[in-house]
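As structure tokens, the structure follows; a few thoughts come after it.
We just call them A, B and C in the order they show up, numbering each chain from 1.
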Amino acid sequence: MVFGLRLFPEQASSIARQVDLLFLFLLAVSAFFIGLIFLTVIVFAIKYRRRSDKDRPAPIHGSLPLEILWTVIPLGLALVMFGWGAWLYFTINRPPADALEVFVVAKQWMWKFQHASGLREINALHVPVGRPVRLTMTSEDVIHSFAVSDFRIKMDVVPGRYTTAWFEATRPGEYRLACAEYCGTEHARMVGRVVVMTPEEYAAWLQGVPAGISLAAAGEKLFQQQGCAGCHLATGAGPGPALTGLFGKPVKLATGETLTADEAYIRESILNPQAKIVAGYPPIMPPFRGVLSEEQLLQLLAYIKGLAAEQKAKAER
Amino acid sequence: MSTVAFERKVNYLNVDHRVRSWLLTTDHKRIGILYLLAISVFFVVGAVSAAIIRLSLFTPEGALLHGQAYNKMFSLHGITMIFFFLIPSIPAVLGNFLLPLMIGARDVAFPRLNLMSWYVFVLGGTFTLIAATTGGVDTGWTFYAPYSSIYSNTNVTLTAVGVFITGFSSILTGLNFLVTIHKLRAPGLTWSRLPLFVWAHYATSLIMILGTPVVAMAILLVGLERVLHIGIFDPALGGDPILFQHLFWFYSHPAVYIMILPSMGVVSELIACFSRKRIFGYEFVAASSLAIAVIGFLVWGHHMFVSGQSVYAGLIFSLLSYLVAIPSAIKVFNWTATMYRGSVAYHAPLLYALGFIGLFTIGGLTGLFLANLGTDVHLTDTYFVVAHFHYIMVGGAITGFMGGLHFWWPKITGRLYPEVWSRAAALLLFVGFNLTFFPQFILGYNGMLRRTYTYPPEFQVLNVMSTAGASILAAGYLIPVIYLLWSLRYGQAAGPNPWEAAGLEWTTPSPPPASNFDKTPVVTHEAYAYEEAPLPGVPEVGRV
Amino acid sequence: MSEHQDTVALQHQFDDAEQQFEASALGMWAFLITEIMFFGGLFTLFLVYVSAYAQGFAEGSRHLDLTLGAVNTVVLIGSSLTMAMAVWSAQVGRRTPLLLFLALTMLLGLAFLGIKVVEYTHKFDQHLVPGPGFRLESPVANHVQLFFSFYFAMTGMHALHMVVGVGLLGVLLVQAWRGSYSAEYFNPVEISGLYWHFVDIVWIFLFPLLYLVARHT
């Protein structure tokens, strides 16, 4: 801060420093070229100012070597910038495998969070420092965007689909969370905070807040209530395919296609089961669009994901 | 003296004084003037809304407007400025006036269509203004679904209809220019002799023809979704709102080049004239306009790096965005090199042109931060973007428009404006612009998000600076309005060629006669053959 | 100006009739490119959705009346033929066949629109029009609705172009009746012909896409 002026946001996540470094590189290149152009223009304007109305400067048509020079050099620099940026983009978009899972539902104009423990928060997200956090996000109405500038992350939250983002906070403190995609009247006030705590504080906080049942357990309850369990038997012998160990695995469809059972697939198969029928099973499941809320969908998703993790753990044992 | 001669001559302005003769004119020059009047109305609307926005952002809690009122204000600003001022500004005013003159034609290829495009423009504008005055619209100029198609309860449909109609005006103008440039060039005016202004308009016309219909369709679907509930972007039916963004930016990114390419054409003319030199690397400057138009169609996805599109799509769009930067860089280097060993005269149009180079360079280079996948995630939807595109659209496009208006004002009106005032205004514009928008880069990097009526208190200092700068910028626009209007009555007669510029338009009297040329000119030189121009004081036969 | 000054139809910005004709032809081609981009956007959206929601779109397609669609295709192809004949009649400067073929084209165009109205009415009766009134018992009803959104948007846009085309034909008919066209000057007929063929071609893409392809996926 200089005279109340902040020139750089805080570096509060694992990628912040990398983004700033790239930014500084771009800034240096830009400053060089802006300086070069401004200086040349000013020098030429003064040095070659019109001295007499009778001036008739000799024509210059151009210079191929110069044209090549000022095409190739910017092109080279551009490719370096592109490559560096692309590399960083992959880092920003690839969450580490051991990340803490948090589900986000955005609506006009608030942020709703569900932790795997079943803990729910509104407009505040508590996370431990030094631990990657993976966000699975969707919206109940319009497009929003999850932005924490101190972490240098931003990801749109789109109705009808899941988007993901991740961050690893490196410094305890409170950071401003805001909606970055214009979403209507109170878009400006769709803000919240990300509270980063030391592991001890985090553990204490978890203890202090009544968590209710875990997200996966809530999902399991829904799984029974909605009658899913009647068909999707764990053995696979029922009229619906078994869901144990399904998540993240390839699925063979009746059309002969094979796809990976990811979040989008599971979401679609609940809301609109007829869209992708698993090979060998009849298309009899009713659609659940309008029956389940976005939050309930996330609970079911957590449950189905959990089944896969359980099976994996068992296998490892 | 010459004032007397000026008033007696019959020209396109005084050939007929009746209002009817203006409203039914098919003269491209008069249509250019009609456009100038129409877009001035929208500029005032856009500028006043900008002033209100800046005043409101004076305090973190919003000094004037909150919630929907603020959202309607920035939407009004964006919609009027982009669709009703920037896109038609140079092509429809200067392009209409100058293209036939520059290529030695008596008119554009389809004069009646040209007039029709003006009426279509006015009709679309009227719809939009009615929408604005009967409740307004709060979707921003981007009309993102599903907010625009389902959730907003403001006048979206009427505005969408207005924008849709205006699109046709753009298409008709582009079509007219394309055919005019292809078919109506004077004998001897080969493609390699075309002024760069004409090349730039050729590239612009291509974008108008290819891009406008796509956004027209996208906006139409939003309108249909509101009225008939057809729901192509409705997530509840399985529709994908991201597809709207694809269609929207497929046009709206090239639309940026509709705004900037003509300005680049103007700057080429100005730099050459006031350096009395050929444009350095003419072929490269001309080809780079086409390259921008073509590659510009392949970069739209860089607006959507955080929309959830695949990372590989992001890679391709980022790479192409870097490629489209190269032709712009080539232009800037060539303009600069044009002044080398030239004879540089500091008239107001040149000052605007140099201002353009500076501001466009900053705008273009900051674009590299946004084309960059790594930094864009942090920067997108912040004031960094706002600053960047204002550097391109205001610093670039409008500064170029001001330069062009000052350059051809003597040709259009036959009058000169005061030198001192015009130079001062050009400088003021440059200073005011930087004071307004440079702080916004810093705000953006610090995470101030766009389209918010309230912001964290630590951003206030820079916002106050920006608002203060805007007042200087406003003066930079107001002063020219005053002295240009003054010059209409009191300005000195300009004579056919006050700048001793090359180019066919300067061989006609100022203002030109209704039929442009008494005899179809025959072109024997390349554009900007300044070394061939006669020395001042040795008037050619036929010169005043 | 040149010796062509006496030709009434030559506008002042052109040097000769050839230049004028080339300019208007180029103008019409540029306009058609605009149209291609316009419909292209819609087609692209449709292709994205048809691959995502194959089942719903197939079901929607099966609700369309294949016979009426096929009849309409034949009607339009026929009208293209008569339009081409009209242009030829204009080229050789024969007024009576010109009038005849223009009227025939117009009639076929109107027949197409009439059949379209019948089809639309059926859809209204069956509650297949997207919006709050949409009624369909199907597990993929919302995707069928999406299909009908496209059906109405695309065929509606096309029908609108047909209406414009019929209007153009009306103007041509009046002008031809007055004897405005000759073997030297038949610009408007040829240009309008280009437009008419384009609108037909759009249908040639729409018909299989909506009525046939989706049905079998």
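Convention: a contact is a pair of C-beta atoms (placed from the backbone, for glycine too) under 8 Å apart; a residue touches a chain by one contact, two chains touch by 3 or more.
Predicted model, so just to flag it, every value in this text is computed and none were measured.
Of all chain pairs, the one joined by the greatest number of contacting C-beta pairs is A-B.
Using mean Cα coordinates as chain centres, the one most removed from chain A is C.
In this view the innermost chain, defined by its CA centroid being closest to the centroid of all protein CA atoms, is B. Rounded to whole angstrom, the centroid-to-centroid distance between chain A and chain B, based on C-alpha atoms, equals 36 Å.
Computed centre separation for the pair chain A/chain C is 45 angstrom, with centres defined by C-alpha atoms.
Annotation for chain B: residues 236, 238-240 touch two or more other chains. Chain A has residues 272, 289 in contact with two or more other chains. Among the residues of chain C, those in touch with two or more other chains are 53, 56, 142-143.
Residues 11-15, 19, 22-24, 26-27, 30-31, 33-35, 37-38, 40-42, 45, 48-49, 52-53, 56, 130-132, 142-143, 145-146, 149-150, 152-153 of chain C touch chain B in their complex. Residues of chain A that touch chain C in their complex: 272-275, 283, 286-287, 289.
Residues of chain A that touch chain B in their complex: 1, 3-9, 18-19, 22-23, 26, 29-30, 33-34, 37-38, 40-41, 44-45, 48-51, 53-63, 66-67, 70-71, 74-75, 78-79, 81-82, 84-90, 92-93, 108, 141-143, 145, 147, 149-150, 152-156, 158-161, 163, 176, 178-189, 272, 289.
Residues of chain B that touch chain A in their complex: 67-68, 70-71, 138, 140, 142, 144, 146-147, 150-152, 235-236, 238-242, 275-278, 280-284, 305-308, 311, 314-315, 318-319, 322-323, 325-326, 329-330, 332-334, 336-337, 339-346, 354, 357-358, 361-362, 365-366, 368-369, 371-378, 380-382, 442, 445-447, 449-456, 458-462, 529-531, 533, 535-537. Of all the residues in chain C, the ones that touch chain A in their complex are 53, 55-56, 139-140, 142-143.
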